[in-house]
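My structure is below; once you've seen it, I'll send some questions.
First chain written, first letter: the chains are A, B, C and D, and each begins at residue 1.
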């Protein structure tokens, strides 16, 4: 069993992502978030469990549903929220927004709007680590839908033949937009595809941060030991629709009820309490602290300025010409 | 065991491809073949075994190493040779050449210069068959190297979920140009990857036309019965280098000797003789007949005219504008 | 004849062609029952024609395009949707090397009667990966035809022509024109490819542009008319084939040309048009041809930045004033 | 200083950069021990620097490009090779959506110091999938720099600049210039991006072109000199950044411009150059700008057809005569 400290950490990380996303939802409700939005609500345990097993110098490669990865990896909620609001104080100076939310200093290689485009980038980052001998690992998140894109096979293969320190994290939330995975994947688990690339793989309950964490610890060890990639498939579920206005009516009621009753924050909290790592009161205290942090981050974001229009011309190249 | 007639057919088809390629090599030696050339020599049993299990109305999707597929499927050697020589009488009027050699009327969807680009096209052709209810099957040939390209996973998946009548034929000749498969594939067999897509698969001796044929019969039946795709991995070997000037020095001597001693024409001939399907003399008679056919085809090709330069402007669209 | 949106007109065109010809079918991500297309263009069609003919696919752009190629060369008429134009980057081999070149490299042995629908343009604050305008790449790909409808009437007539065409057609839409309304006939009609539409006649300067920029140009023309400047506005409707004649004649009349599209400037379709016009109407030009495009940057997210990025009425009007 | 081929000069540049900076490495299909690159550019480098730094890859173009991106943003300087330019269709997402846009969409948080080498052009009778010239697609992709060296001296200096550049560089080569010879210094030198090279001075007409067409233009200039026509020949060497100044000044001097590249005409880089020059030097132009390009067709296989497809000296000379 993991240490009590780790359980507290897992609870804290899961909750932090949750509260961040709730703040986003709140700001969105106030019409302050331009563009679209793919909330991480419901999948918090995946980002929390994976990143808790990683070091600061390790990398994560994110997706269009990236807020959770970025916050869990340690990005500044202030800069992240400011980015979502299109403010000049945002981590991308307002140029990226929700789908490109990224904080390099926190070890995030980037969120990307192109489904499955992060896999090759993770291969390259892991190659860097291997060639430079830094021993850093790269966790690459992607969805069930992404597993059907060509980069999946290409990247799993390349990581396998070069024994790169990558952890492939499939967040299988059973849908790609409105398309149920049953329509687009012939097998029960995506993980089965990793066998073809001699990549060790495991399927875990993605709503249980501890299960995710334990799988991640093993994968991280394998990667750091030079034994190559691992694929972790996390079964999870979106709390809401795919994007801002999607009511997700296409999900069968019983299925949704089943999953939504399995709240990732509650689950890890219960475990932590049961294992005596934390009391209800301590848990509440952590929540209060995080709520305050998000409150302040929200305030910072709201009060920040929008970028001056001409800034649109900057950052295309290292130097202008 | 298959019928004697089938054995004769397998011998004939294997030999026909062989003699076609020898004629190509001959013309090439006379400096009559422009551009590059990927000979099918050594892999004849694959095309012969697969196509012998197919109907005329079935389709094959070919590759850059396509002469064998096209001839085995029944294309006119005259038009094919003329095409290789860049003549106006060629099946593509001299516009395609070796890498695009194609005869639609013989059931060839096309050879393609882009490795692995045929797989999606095969998916579409099989979808046609399914939607129109024609019951035709599509055999899609590709190399070991092609299996590392993104279209592999995408196409295997799409064919599997829609239960399309496709036969994936991997011609594993152990090399992609000079790159040994060991460097680029972590598993022993490519076939292992099909499991991840719930696609039945089998590994056969690709130098043995009978083995290939038997696997093909089963796959064709599955496809026609509406039970979806099959992957057949044929282990085989190029007689020569990858392309026109490659001496293939990168292949270990013992490996090359082993494989080159297992000649596809000899193998199927021996089987046919042993099974009493044919006598040495009958076999010789077939050879003579085919040699004559190739001789004539060569003559036709050599004597044909080159296309008038302005023909370069035609066939871009159905009608000029 | 009713006033309907571009989206409805497009859907009507698709529906009528599917009813007319049973070899026509649609395939793409989330075009079916549960979603009806990211921009709801196909909503209701799966219910009407079945999931077989309105086919949800995995997220496999290159194989979607390639499957359309395979289906097209074996007797069907696929209309494949790539959800966002930015994602066609993943399908470039099947579109540009296979679909576009097959008739030619096989010496005319096959036709490739497919349509690929996708959508370009910004204005929705969805940043660099969902807002581009990449039509010039395809204009530089011989073998493809390209439709760029900007109006409800045009989109219905052009989608029908596209579906009936024996060659591969890139059918480009624009996010901000889906809601534009216009009178559209209920009955069947087609619009030939290669015929521009003069959306407004004028005498002093010609504006040629595509998509939302045609709408903006019309607003500018209205505005400038008050100042006594008479602007002719031309919408090419298809880029390949390109109606050079209507444009050249207009330029010969006005002597002045402003080109305006939402593409980033360098290498945009406006470059080709400028090159053609100076080639073919050099002696009639009274001033340099002006190009109004987005700057050479990715599309930014923040509204303040994106508004700056997308050409607006002010810049178009300024370009006109600069040369009259 | 010795006379060496373009291929050797390019290899020398790669070798010197690898020796200078251990973060530089090469990756691509068949670039290593067994083959040394389809055009033998990297032959011997795997032996010299090891298979780790001269890395053979699977046939996975999009992941090759993407791995280069990932390596570049984490501190390495990858030089990725796409075996033929036609195959970059498979890597367009990583090149155009990721490499090109990362600095921008992440608000300057990262640099993407990578080089993608590939080769364009026909003349080898290898038909539609191995002979294209697609440089204009990338010129229309903000965030990328583009080198188009046509001479041995230039290729060595430019590859070094490319490798040291903090931005993603598309390094385009041409099949028929690999064997061209020139005096090339043994020592280290770089050529700044954005500086055209006037390959021949002249007074009557300017020819601007790339790759093999520069060589052909020089032959034409020599020929026309005998007729008393003085031709200036400009090779841009990089398309992004583009040296407009040298070109515009030349046009202001000669008043006449012929643009010549091997690309298919519509939407070629020559369209952009024509648009720029008529914009910026309208009053100096004494005749329409002429474009000499390949026709708008795929590249055909048969020698008789391919010769017709590729612009030749006769067509270039004719274009010059048409306007002087």
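Here is the rule we go by: contacts are C-beta pairs under 8 Å (C-beta built on N, C-alpha and C of every residue); 3 or more make two chains touch, one makes a residue touch a chain.
These numbers come from a predicted model, not from an experiment.
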Target chain D, source chain A, minimum contact steps: 1
Taking each chain's C-alpha mean as its centre, the one farthest from chain D: A
CA centroid of chain A to CA centroid of chain B, Å: 45
For chain B paired with chain C, centre-to-centre distance based on mean C-alpha positions, whole Å: 40
CA centroid of chain B to CA centroid of chain D, Å: 36
Set of chain A residues in contact with two or more other chains: 92, 94-96, 100, 112-114, 148-151, 154, 157, 161, 183-185, 316
Per-residue multi-chain contacts in chain C, two or more chains: 57-58, 60, 62-63, 86-87, 89-90, 93, 97, 104-105, 127-129, 142-143, 295-298, 300-301
Contact graph of the chains (line, ring, star, complete, other): complete
Chain D - residues contacting chain A, complex: 23, 25, 52-53, 57-58, 60, 62-76, 78, 93-94, 97-98, 102-111, 142-143, 145, 165-167, 193-194, 241
Contact set on chain A toward chain D in their complex: 59, 61, 90-96, 100, 102-105, 109-110, 112-114, 117, 119-129, 131-132, 150-151, 154-155, 157-158, 161, 314-318, 321
List of chain A residues in touch with chain B within their complex: 148-154, 157, 160-161, 183-187, 192-199
Interfacial residue positions of chain C with respect to chain D in the complex: 62, 86-87, 89-90, 92-93, 96-97, 100-101, 104-105, 127-129, 134, 136-137, 139-140, 142-143, 240, 263-264, 266-272, 274-275, 278-280, 282, 285, 287-291, 295-298, 300-301
Chain C-touching residues of chain A, taken from the complex the two chains share: 34-36, 86-88, 92, 94-97, 99-100, 112-116, 145-146, 148-150, 176-180, 183-185, 250, 306-313, 316
